[in-house]
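Two complexes follow with chain A in common, the first pairing it with chain B and the second with chain C.
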Partner chain A sequence: MSVTALGAPAETQRLVLQKKAQDLIFGTIGVLVLFVVMGLLLTLVSDLVVDGAGRITPEFLTSFPSRRAAQAGVLSAWIGTSLVMIVTAVVAVPLGVGAGLYLEEYAPKNILTDAIEINVSNLAGVPSIIYGLLALGFFVYALGMGQTILVGGLVLALLILPIVIVATREALRAVPAGLRESAYGIGANQWQVMWNYILPSARPGILTGAIVGLSRAIGETAPIITIGALTYIAFLPPSPVSASPPFVNFDWLNSPFTVMPIQMFNWVSRPQAAFHENAAATGVLLLGMTLLMNGFAIYLRYRLRRTVRT
Partner chain B sequence: MTTTGSPLSEYEALRASPFLRRGRVLAAVMKVVLFACAALSVVITAAIVWVLVSESLPFFREIPLTTFLTDTEWTPVFTNARYGILPLLSATFWAAGIAMAVATPLGLVLAVYLSEFARPGVREALKPILEMLAAVPTVVFGYFALLFLTPLARQFIPGLSGFNLLIPGIVMGVMILPYVVSISEDAMRAVPMSLREGAFAVGMSRVQMAFSVIIPGAFSGVTAAYLLGFSRAVGETMVVAIAAGQNPNLTGDPREGAATITAYIVQMSLGDLPHGSLAYSTIFAAGLTLFVITLVFNLLGFFLRRKFREAY
Partner chain C sequence: MRVTLLIGVAAAALALAACGDNPAKPGAAAPAVLLIDGSSTVYPISEALGEEFQNTSGARVTVGLSGTGGGFKKLCRGEIDIAGASRPIKAEEAKACADAGIEVIELPVALDALAVVVSPQNTFADCMTVDELKTLWQPSAQGKISNWSQVRAGFPAEPVKLFGAGTDSGTFDYFTKAINGEEGASRGDYTATEDDNVTINGVSGDADALGYLGLAYLTENAGKVKAVQIRQADGSCVGPSAATARNASYQPLSRPLFYYVSKKSADERPHVAAFIKFAFDPTHAEPLVSEVGYVPLPTAAYPLAIAKFEARRTGSFFDGGSKVGVTAEDLVADAAQK
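Entry: the complex of A and B
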C-alpha cells in the first residue's frame, strides 16, 4: 500500500473500519461455533432425558437386569460401579500422587527422568481399550485373577494414573517456593517438608485432579468389556460390611460384577425400543454422576484460585 | 578448649540422636517409595508391550505379516478365515479422518477465539463448558450417535445406513474438540505478548494478527494438538462400536457401516473367547496394530508440544 493512500484521512478511516469489521465477523463466527457446540451438548442431554426420564423410578434403582425391559433395573450396575470406583481411587490416588511428587520435587535432571516423563505423557494417550487388553492378558490370565471387581478397579486405576500424576504436578508447581524454603530453613528434612507443608498446601489441586480422573473412570466402558466382565449380573457382590465381627470383609473384591456403562451399552445394542429407554435412563444417571463430579471439581478449583489470590 | 564443646561436635551429637535418625531413615525410605511410584509408569508401558506382543505371537506364527497387512478381508471366525487387517484399518482411518475434518476447523476457530478474542471473564466462563463436554461418557455419545443423530441424518442423506462411519466420525470430532482446543489454546497463549503488540503496531486487525502471527508462532503446539486428537479418535471405542456397526467392510463410502479395530476387539470380547485360541490372539494382533499407530502419533505430538514450550 502506498504512503500517499495512507495519508488521506478518509482512506485511513476506511482501513480502520475494514479491520474492525474483520474482527467483528471472526468474533461472531467464534461465538456461533461455541453456540453450535453448546447446542449439541444440550441436545444430547435433553434427548437422553426425554427418552429415559420416565424410566428413572425407585424400582429402576432397586431391580436387577431382566429380559423384560419394563422390569429391568440397574441395581447390580450402580453397586458394581461404586465398588469398582473404591478400588480405583484407593490404588490410583496414592500411586499418582507419589509419582507426581517424585517427578516434581525429587527427580534429578537426567535421562531416566526424561524417559519417565515421555512415558507418562504417552500413557495418557494410550487408548483405553489397550488397557483392557493389558488387564485381560496380565491380570485375568497370567495372574489368574479372573473377571473380578479387583481387576476392574485396577485397570481403571492404571487408566487414570496419568491424569492424577499431571494434576498432582500442577498442584505442586502452584505451591509458593517460600513455603518450601522456610520449611527447609527450620531444619525439616525432605520428606518432612513434603508431608507437613507441600502436600497439605497442594491438597485441593490434587483432590480436583483425582475427582476429574474418577469421573473419567466412571464412564469408561471399553476396558471393562475387554476383560470379559459379564453383562448379565443378577446378584450382588458380598457386602463389604457385616453386623458380626470382623465387621468388614474383602470378599467383594473377588466377585464378578457389571458397571453402569456396560449395562447401558448392553441395552443400546438391543433392537427393541423398550430397552433403549432403559439405556437412556442409565445414561441420564451416568451423565448426572460425571457432570456432578466435574462440577464439584470446577467449583473446588474456582474456590482454590480465589483463596490463592487474596 | 575441649572438642566436646565445639559447635561442630554438638551438631554431630544432635544428628546422632535417635529422633533425628528416624526422620532421616523415613525420608530415605520415602524417596525410594516415591521413585517406585514414578517408575511404575515405565513398568505399565513395558507390561502393555509385553502382553500385546506375547499374546499376539501365536497369531503371527500362523499368519504371515504380509498377509496380515495386505489381505483385503477380515473374517477370523468364518470357516474359510481370512486375516487381512486392511478393512479394520480403513474403517478406523475413515472414522478418525471424518472426526478430524470436524475438529480441525472448529478447534482452530474456538482456540483462536478463546485465546485472542474472548475477554478473560468470558473465557473463564466458557472453559468449564468445554470440560463438561469432555466429561460426557463415550457410551453416551454412542447412544446419541446411533439413536438420535443417525435417524435424523437419514432424512437428509440418501443411502445412509443405520450403521455408518459418517455420524460416529462427526460425533468423535465433537468429542475430541475440548482436548484439541485446550492444547492449541495453551500453545497460542504461550506466544509472547510482544509479537501481538508488534502485529497491532503495523496495523493488523485482530484476525490478521491471529492468522499471520499467532497460528504460525504456535504452529508446533497446534500441530501437536491435532496429532494427539487424531490418536484419540483412532483409539476411541464405544462410539464406533455402537454406531458404526460390527461388520468388517473395506469401503470407500462413509455412509456404509464398517467395524474399526476397536469395534472388532469389543465385539470379540463380548463373545466367549477361549484363552489360547487363534480368535483370542486376533484381538491382541489388532490391539498391537492400534497401539503402534497411536504410539507414533503420541510421540510426534509429545515432541512437537515440548518444542513449543521451549521456543518461548
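Entry: the complex of A and C
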C-alpha cells in the first residue's frame, strides 16, 4: 500500500508525459499534413492565377471563342455552364432529396431497399464517362433529344444524384431522435413531423450535399464531350424571356452549347502559349464560379439555420 | 423556401443570358447553322475558317471535338455536315456511311508535317533515316532498343527516352504507317500523350529524349526543341517546315488533313456549299491555315478541290487504306480527272 502510494505519483507523471508527447507528435504530423495539402493547393491555384490573371478582362467574359488567342473569350462557355448547372440543380436536388427522404424515412427495410441502398452507394464511384455513354445511348439516340443543354444538365444530374441521396440520408440520420419523438408525442402525424421538424433541421446538411454534388458537376468534361457538346460556338442559346407573350420560353433547353471545362481542355492542348494563358484564365474563372456557388450555399445555410432556431 | 430561391437564381441567370443574347441576334429568324465536328488536329483550321465565314456570311458555324472516329460516326448518322479528319476514312467507316445512305466527298483541307524532335542539347541526331527511326519505334524494339548506340554506330551509349502520340490519335496512325510500315504498329514502352505540349516539355530538357509531334508545336516551341532532318530517297536531308511540306519534299512524314463533306448536306443545305467555296478560296484559306500553324495546300490545288466538290465526286482516294507520300494534288487531281 505504502509502496504504491510512493510509486503512484512518479508512475502517473510518467504516463502523463508519455501521453503528452504522443499528443505533440500527432499534432505535429497533423499540422505537417495540413501544410503539405494546403501548400499543394495554394501552389496549383497561384500558378493558375499567375498564368491567367492577365487575361481576365471584361472582354474575355463577353467574347466568343476565336482562332486569335488575344480576342478569344468564354462568353458561350460560361453561359453554357450556368444554364447546364441550372438544369442539373433543378433535376438532381428535388429527385435526390426525395429519394433520400423516402429511403430513410418511409421505405420498409427489406432485401429490395438494401439492394437499392448498396447500388446508390456504388453509383457514386462510377466513372463519369460511363454516365456520358449512358446519356449518349439513351437521351441522345434512343429518345432522340439531341446534343442539347437539357441533355447536358440531365447527365450531370444523374452523375451527382448518388451524392445528393447519400448526403440527404446522412443529414436525416443526424437529426436528434428526441426531436422526432417529441413531435410524435404531441400528436403530429408522419407528414407533419417530416415537413415541420425533420426536414428543416436536416436542411443545412442536405444543402451541403447538393453543393458538393454541383461542385463536382461543374468541372466535368468527359460526359459532356461524350454526349457531343461543342467546342467552337459563337452564338448564344435563345433568350428565355421575351417581350411578347408568353414571355418565357424554354427553347434554350434544346440549343447546342459548350462549357468552361471543354474550352479549357481545348486551349491547354493548343501549340500557342497564348492559348495556355486563356486556359489558365478559364480555370481561374471556373474556380470563381464554383466558389460563388459555394458562397451562395453557405449564405443559404446560414439563413436557414436562423429560421430553424426561432 | 429553397425552391423559391432556386427559381430566383434560375431567373437571374436566365435574365443574364438574355442580356447577352440580344446584341448577337441581328435577325428574328434563326440563321442556318453549319455543323462541323471531328479531329482535334483539324479543329483549329475549322475554328479559323468557321469564324471568318460566320463574320462574312451571317450563317452560324459550330465546331465540335469528337475526334476523327467520332466525327465519321456523326457524319454517317447525318448529324453533321462536315467531318474533319487527320487520316483517311477507313473501309468499315465508309461502309457504315454507305449503309446509312450517306455519301461523302473527300477534300484535303490543309497539310501537316510530323516533326521528329530532340532537345537542343542533343548534338548528334541531326539527320536520321526512316530505317533508323523504324529501329527505334517498331514493335520488336520494345524492351530491346533502349540505347542511342543501338540506333546507329557512333551515337553515344546513352539511354534513349521516347515520347509519342497516344494510340487514339491520327498522328499515331500516320507515324506508325509511315515509319513502321503498318498502321498502329508501335513499341509500347514510351511516354504516350494526346497533348503534344507534354512531348515538348519532356524532350526540351533531356538531351537523350526523342519525340514526334505536329509541325505547329515545333514552330511555337522553336527554342525548346530541335527538329531532326529526315534523309530522303535521294540522300539529301530535309527538315520539317511549311515550305518542305507544301512542296512534298519532306517525306514520308508530310500528311494531308481532310474534310469529309456529306453529299446530302451539300445538296440540300446551301450554306454548306457556300462554306466550301469560302474555305477553298486561296485568298481566305492560305492566310487562315497558316495563321493557326498548318500548311496551306499548293495554290493550284484549291480550284481543283472546288471542282471536285462541285462535281460531287464521292468516295475515298485511299479505298479504306492509308497511303504515305500522297500529295494534295494527287487527292484532288485524281478525282477531277476520273
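Methods note: the second predicted complex is superposed on the first by the 252 of 310 C-alpha atoms of A that agree within 3 Å, B and C clash if a C-alpha of one lies under 4 Å from a C-alpha of the other, contacts with A are read in each partner's own complex, and residues count from 1 in each chain.
Rule of thumb we're sticking to: a contact is a pair of C-beta atoms (placed from the backbone, for glycine too) under 8 Å apart; a residue touches a chain by one contact, two chains touch by 3 or more.
Everything numeric here is computed off the predicted structure, so don't read it as measured data.
Undergrad: Assess the superposed three-chain arrangement around chain A: do chain B and chain C clash, or do they fit?
TA: When both complexes are placed onto chain A, chain B and chain C end up clashing with one another.
Undergrad: Once the shared chain is lined up, is A:V268 touching chain B (first), chain C (second), both, or neither of them?
TA: It touches chain B and chain C both.
Undergrad: Does the superposition put A:G185 against chain B (first), chain C (second), both, or neither?
TA: After superposing on A, A:G185 lies clear of both chain B and chain C.
Undergrad: Determine, under the contact definition given at the top, whether A:S66 touches first (chain B), second (chain C), both, or neither.
TA: After superposing on A, A:S66 lies in contact with chain C but is clear of chain B.
Undergrad: Applying the document's definition of touch, where does A:G228 land relative to chain B and chain C: first, second, both, or neither?
TA: both
Undergrad: In the superposed model, does chain B or chain C contact more residues of chain A?
TA: Greater contact footprint in residues on chain A: B.
Undergrad: Contacts for A:P237 in the overlay, against chain B (first) and chain C (second): which applies, first, second, both or neither?
TA: second
Undergrad: Contacts for A:P9 in the overlay, against chain B (first) and chain C (second): which applies, first, second, both or neither?
TA: In the superposed model, A:P9 contacts neither chain B nor chain C.
Undergrad: Give the one stretch of chain B, out of 26-34, 188-196 or 242-250, that collides with chain C after superposing.
TA: 242-250
Undergrad: Take the contacts of chain A with chain B and those with chain C, and give the residues found in both.
TA: Common interface on chain A, chain B vs chain C: 94, 225, 228, 231, 265, 268-269, 276.
Undergrad: State the interface residues of chain A toward chain C in the complex, per the touch definition above.
TA: These residues of chain A touch chain C: 62, 65-67, 75, 79, 82-83, 86, 89-90, 93-94, 203, 207, 225, 228-241, 252, 256, 262, 265-266, 268-273, 276, 296, 300, 304, 307.
Undergrad: Please name which positions on chain A make contact with chain B in the complex.
TA: 15, 18-20, 22-23, 25-27, 29-31, 33-34, 36-38, 40-41, 43-44, 47-48, 51, 94-96, 98-99, 101-103, 106-107, 115-116, 118-123, 125-134, 136-138, 141-142, 158, 161-162, 165, 189-192, 194, 212, 215-216, 218-222, 225-228, 231, 261, 264-265, 268-269, 276, 279-280, 283, 286-287, 290-291, 293-295, 298
Undergrad: Chain A touches which residues of chain C in the complex?
TA: Within the complex, chain C touches chain A at residues 1-3, 5-6, 9-10, 13-18, 20-22, 24-25, 30, 33, 37, 40, 43-44, 46-48, 50-51, 54, 60-66, 74, 79, 194-197, 214, 216-217, 219-221, 288, 291-293.
Undergrad: What residues on chain B touch chain A, complex-wise?
TA: Touch residues, chain B against chain A: 23-24, 26-27, 30-31, 33-42, 44-45, 47-48, 51-52, 54-55, 106, 109-110, 112-114, 117-118, 126, 128-133, 135-144, 146-148, 174, 177, 203-208, 210, 228, 231-232, 234-238, 241-242, 262, 265-266, 269-270, 273, 275, 283-284, 287, 290-291, 294-295, 297-299, 301-302.
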